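First the structure, which I've put down as structure tokens, then a few questions once you've had a look.
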Amino acid sequence: MKVAGDGLVRPYGDTLGDGRMQLSFALPLPAGDQAREVARALLQQLGLEDIQVVATDDAGASFAFIVAYARCRQGVDPSRVRVVRATAPDMTFEEVNAYIARELGRKMVVVGAATGTDAHTVGLDAIMNMKGFAGSYGLERYPEIDAHNLGSQVPNETLVAHLVQLGADAVLVSQVVTQKNVHLPNLTRLIELLEAEGIRDRVVAVCGGPRISHELALELGYDAGFGAGTLPSQVASFLAREVVKRTQKTRTGR
Amino acid sequence: MKVAGDGLVRPYGDTLGDGRMQLSFALPLPAGDQAREVARALLQQLGLEDIQVVATDDAGASFAFIVAYARCRQGVDPSRVRVVRATAPDMTFEEVNAYIARELGRKMVVVGAATGTDAHTVGLDAIMNMKGFAGSYGLERYPEIDAHNLGSQVPNETLVAHLVQLGADAVLVSQVVTQKNVHLPNLTRLIELLEAEGIRDRVVAVCGGPRISHELALELGYDAGFGAGTLPSQVASFLAREVVKRTQKTRTGR
Amino acid sequence: MATIRVDPALVEEATGLARQIVLDVKEHIDAHTTTSVERACCRLLDIDGVDDQGVPLPNVVVESVAQAGRLGRGITYWLANASLATGEEPAQLAQECAAGRLDLLRLPSHRPEEVLAAGRRMAARAVEALLALRNQREELAARLGSGPRPWLYVIVATGNIHEDVLQAQAAVAQGADIIAVIRSTGQSLLDYVPHGPTTEGFGGTYATRANFRIMRQALDECGEKHGRYIRLVNYCSGLCMPEIAALGALERLDVMLNDAMYGILFRDINMKRTLVDQFFSRMINGFAGTIINTGEDNYLTTDDAVRAHHTVLASQFINLEFARLSGIPDHQVGLGHAFQVDPATEDAFLYELAMASLVRAVFPDCPIKFMPPTKYKTGDIFRAGVLDTLFNLVSVATGQDIHLLGMATEAIHTPYLQDRYLAISQARLVMNAGRHLFRELEFAAGGAIEARARAVLEQAVQLLRELADLGLMAGLEQGLFAQVRRRRDGGKGLDGVVRREDGYFNPFVEYMLGERGV
Amino acid sequence: MATIRVDPALVEEATGLARQIVLDVKEHIDAHTTTSVERACCRLLDIDGVDDQGVPLPNVVVESVAQAGRLGRGITYWLANASLATGEEPAQLAQECAAGRLDLLRLPSHRPEEVLAAGRRMAARAVEALLALRNQREELAARLGSGPRPWLYVIVATGNIHEDVLQAQAAVAQGADIIAVIRSTGQSLLDYVPHGPTTEGFGGTYATRANFRIMRQALDECGEKHGRYIRLVNYCSGLCMPEIAALGALERLDVMLNDAMYGILFRDINMKRTLVDQFFSRMINGFAGTIINTGEDNYLTTDDAVRAHHTVLASQFINLEFARLSGIPDHQVGLGHAFQVDPATEDAFLYELAMASLVRAVFPDCPIKFMPPTKYKTGDIFRAGVLDTLFNLVSVATGQDIHLLGMATEAIHTPYLQDRYLAISQARLVMNAGRHLFRELEFAAGGAIEARARAVLEQAVQLLRELADLGLMAGLEQGLFAQVRRRRDGGKGLDGVVRREDGYFNPFVEYMLGERGV
């Protein structure tokens, strides 16, 4: 890792610490000198320096499209940045199956769904289907996991009914549409229902999607959150460890 | 012009005042969770909100390439932004020639060059050659202008000698290469030589190039600066007015 | 010409098989109507507005008759009879029903011939209104011109129709030819059409008559200002398919998403309901001069394009035959496909050229709708721009007609104004630079591109053979399309399917299909 | 194949005319040497380092003999004689000269045959060293492989060789095959080669032997790590053309910008000086196995591409004949051209396909160097990305060999690390997606693309006819290339041209050109 003299990490253009950044945005002003200077003033307010407005295009209906380059003086001490990660190092396909067989002694029941009005199934399928994602097998492919994919637009109530009926160890919730934060109340609602049903402790609750972070998941009351590019093996490893921990705790009361 | 309630102009994503901006930069950190969180922290330091780091790509040699979207709360009051413009409204090709013939009574002598080590001629040619630029004729095409294009890599000293020998009314300096600010001392040097030669007041000094602004030109002691996309007609109008003003001042001593 | 050499015998066989598949379900279509078909008739008969609980009057009228088990006679019959009995027009009749002051079934029934004649008179007025709107479009398009093909198709989806108008105006100023207002998430599943202008929506703006009118008017002003006729698109897929088709026709919408199978496959709407609805909705669109668009792009979001191109072609043959059954001329059948081969595949660009050229060659008279890469885009908006440039080039190189612009921010958010500005200006640049490429390019005889096209056509014929044997409904039950299995009586909306009574009366079919009438 | 149908008779005529044009100046070349040719001999004879004023020893040695008016005998003669007289090797002799303790001309002159024999022995050692380096490259390239063509060529230009190394390593990790260290602004005009590693430069890094070595070593390590031989490029254009060619050969550089006319046209270097220098520098590059690159892309920056394409083709014919005169095999002659048609021109993409296919077809054995769009790029980096994607596609579709990557920030700054990352990853994506396009695409017989290619070839032949009539020097005086007029005795460096004495001795020509010797 290359940090400037003061130990802070800055953006890198073509020399260490030069802080070079590219920005673009539209302004509700006709393209021209004024739009260019308003863009410059805006970037100055962000504390940026050596600002070059390199494009002030006419984007139609008296809007200007701005492209700019600038230097960002600020730096970040990487050691003081909290990186919240969901999983310990992943176990392989074989290790997960061996771990479940050894520690749980029975199949791990996992139920997944895209809930509320969300009709996006490709993401959850990538985690649960046989084929999996980017060469990593989906949960259905794990002999020690009993995976149930309920598909899309599943109301929270229906999902909870399935969890009870199937005696689920874990629930996977996919939320892809995040416009107007439609996903937040929907995700929170499920946790409330699990608590009302008295099975919150018994079921490991995980949510995921391109705009879901582990931090957001924890805030919403989930045990973990997985974002874009997640591999099924990462999810399988986390679930196996979490479910085993839960069952041991209930068994030994610790 | 559409401004939010508080009269400030903000970037526009898909609703007035939503402040949406796109950023991209490289970080000297390997692509991964830490690079993503450092990028987020950096943007937070700029006062940006609702930060979405949408790409953390491996750019090779343990560099990460970041693309992000964020909301910029700051806004700018357009009326308080100083827009420095070089020219009053332009005169047409015919008006310039008529103005010079009427007010100056002789041809206006204009000498241009790309000075120092700068070998870029296309920009100055666009202003001075017959063909001109984007449909606007170059200065050579104006019957009332006697234009001399000295080409590129012309030392300041040689340029000044020509100005004296040709009795120039105006000098046009093109600077395109701006790496390591090589153009700043070179541009300033010409002004010093004009003063040393005692012809600074007699000669209207104009500089131009893709990264030259009117403000920078004034700072360096020029009478005007022209940036990317300049039309020859804008330059011809400015020169005609300035030269006439100068000759009247010298004539009437005012 | 970049027209690919295609075996005419295979095309003929595929067309025949598709025709047979469609005719197999014709019997089911002719034997049924649905709540949404009848609501569409209400719309055409000028029934609009909502009751005091906000329930649209077409729903009130149709529900009342459906609950009494008499919808099989056709709502137009009851309205015609009521009109004769009360002297009132359908609009007032609906108000009376809503107020509980009138029960269409409790009025004295006039002689059938009188009722049919009155029904035909009422229908004739709606039909003339549609013809007038159709002529108005043709005049406007002739006067203003329509810009070179492929036409640039852009979506707006802010949720607020007034903000949509602003962004649509900006898009037209930037060069867009067609504006699509994306519907709010899940509107497919609503069994009513929301009323009035709307300013709230998730991932889109509700399709309502008022929103249609607001946008159509704004685009007419834009068209005058920028000197070309701007077309407006909406989506009639879902439980209100015929009804939205009717509203679109009444407000002079130009293009309607109207796929015969999309609702079944991607929205789990019952197939019996969908097949009847699509017939009637397409009949209205055909008659109104509206270009329909079909949704084969969806097959390539849930399946790998290299493996699924033949399902797109097979589906296009079927969609075209269903359209012909509803009387739509080929030049109004905007068959859809998409640029969705995984860009990491070697020769991905050759696969795309082969498929786009094949679709162009097989359906020469149809205005083909080519849709952009989506699922392989990431947050790297610069890489997304490369995919869209390759897409733009294939589109102009293979003579496509309707070009849905790709957005660099596809994987991030619904488009910002600058996303559209860049998408439009870049598409215009590429298409101008490749203007006559379609005339100039050819593919090596017996080369890989030709071989790929032939293989896709052969596989499509194979799939159509299977479907013809099984029948469409059984084929859908076995998941032959998009690997999605749908049960015959499963999904939403079966309750809205009603067996036609012997005296079923729907004058719109007679007028709109004319002698081609079913 | 996207090979365009080209009239072989026209190609033959053009080649003949170019041959004649080159042979017309051969007499001038054979009658002269230059200070830089002789400095190159010093370099090959292992004279390196600088004196206490920092003047490079080759300059000290050559200046001393030139001022005495005896350079026409060839510096190798004087060094050989001095070696016989003192028993010292050229390197020491130079030190002595620099210290003022030795004057090469004041030593007893040995019998000519002895001097020539000694000179040949000294030269033989340098020639063997070059052959060893050439074999080393061939072994490395065979063992590591070179990646599929077109090779991705990337420039670094930070001014600091150590920072250049870091960015070059990143570029190789991203997928670059060829690294070019751009020279500092105006180095063409230096009549000496700066010494040692350099960390300051304007818009580029000084070309020095130490910088060559540092980067070559770094790229060898990269090559091992990433499993492909990485080629290193520099620029010998300018007043030190043969000398930098020699230094490049000694440090195993793989590609050298070495155009026969670039210095004259774009750096106003005297034509008599340039013609002699280019002959000797190309002889060294040819012998060392170095691929030369020619700079026809420059014609399209100062002139409109649609009007100037034929001047590019004519210049390529001439550059190839000059290269053949210097003994360079065709597969080492990297003829250059560029993607520079104004993108606002209708069918700009067709003009580009026509020109790229024409160059490919006319010079089948040459590794064609295709350069990116630059002058029509603006600050809109997204639009620039579109131009580069079209450029990348034409490159793979027409079978180009060396592909200089376009940068989205071309109009803004010298490339940042992320600019290169995006350029390389995007070029790899497009070229993989279009891998076999060259084999698959064809152009309509008699179509616009074919007609355009034929017109460009015919205009090129016409220009070559005029040049053959006028002679190259007169042609340059009349501004037949890049609309730039150059006087025969104008420009920089004429003072360095020296008439050869009868006894002119230069063993390198004998060794390197072998029996083809001039």
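For reference, chains read A, B, C and D in written order, and residue numbers begin at 1 within each chain.
The rule we apply is simple: a contact is a pair of C-beta atoms (placed from the backbone, for glycine too) under 8 Å apart; a residue touches a chain by one contact, two chains touch by 3 or more.
Worth saying up front: this structure is predicted, and the values here are computed from it rather than measured.
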item	value
Selected pair, greater C-beta contact count between A-D and A-C	A-C
Identity of the chain that, by mean CA position, is farthest from subunit B	C
Chain centre separation in whole Å, for subunit C relative to subunit A (CA means)	35
Centre-to-centre distance between subunit B and subunit A (centres being mean Cα positions), rounded to whole Å	45
Distance between chain centroids, defined by C-alpha means - subunit B, subunit C (Å)	51
Residue list for subunit B, restricted to those that touch at least two other chains	12-13, 20, 22, 24-26, 52, 57, 63, 65
Subunit D: positions in contact with at least two other chains	378-379, 382, 411, 413-414, 416-417, 422, 425
Of subunit C, residues touching subunit D in the complex	1, 343-350, 382-383, 385-386, 389-390, 393, 408, 422, 425-426, 429-430, 432-437, 439-444, 447-449
Residue ranges of subunit B touching subunit C (in the complex, touch as defined)	12-15, 20, 22, 24, 52-55, 57, 65, 67, 69
Interfacial residue positions of subunit D with respect to subunit A in the complex	158, 160, 163, 167, 378-382, 411-417
Residue numbers on subunit C that touch subunit A, as the complex places them	159, 166, 169-174, 185-186, 189, 202-203, 266-267, 301-302, 375, 378-379, 411, 413-414, 416-418, 421-422, 425
Residue ranges of subunit B in contact with subunit D within the complex	24-26, 57, 59-61, 63, 65, 117-119, 121-122, 125, 153, 177, 179-180, 182, 210, 228
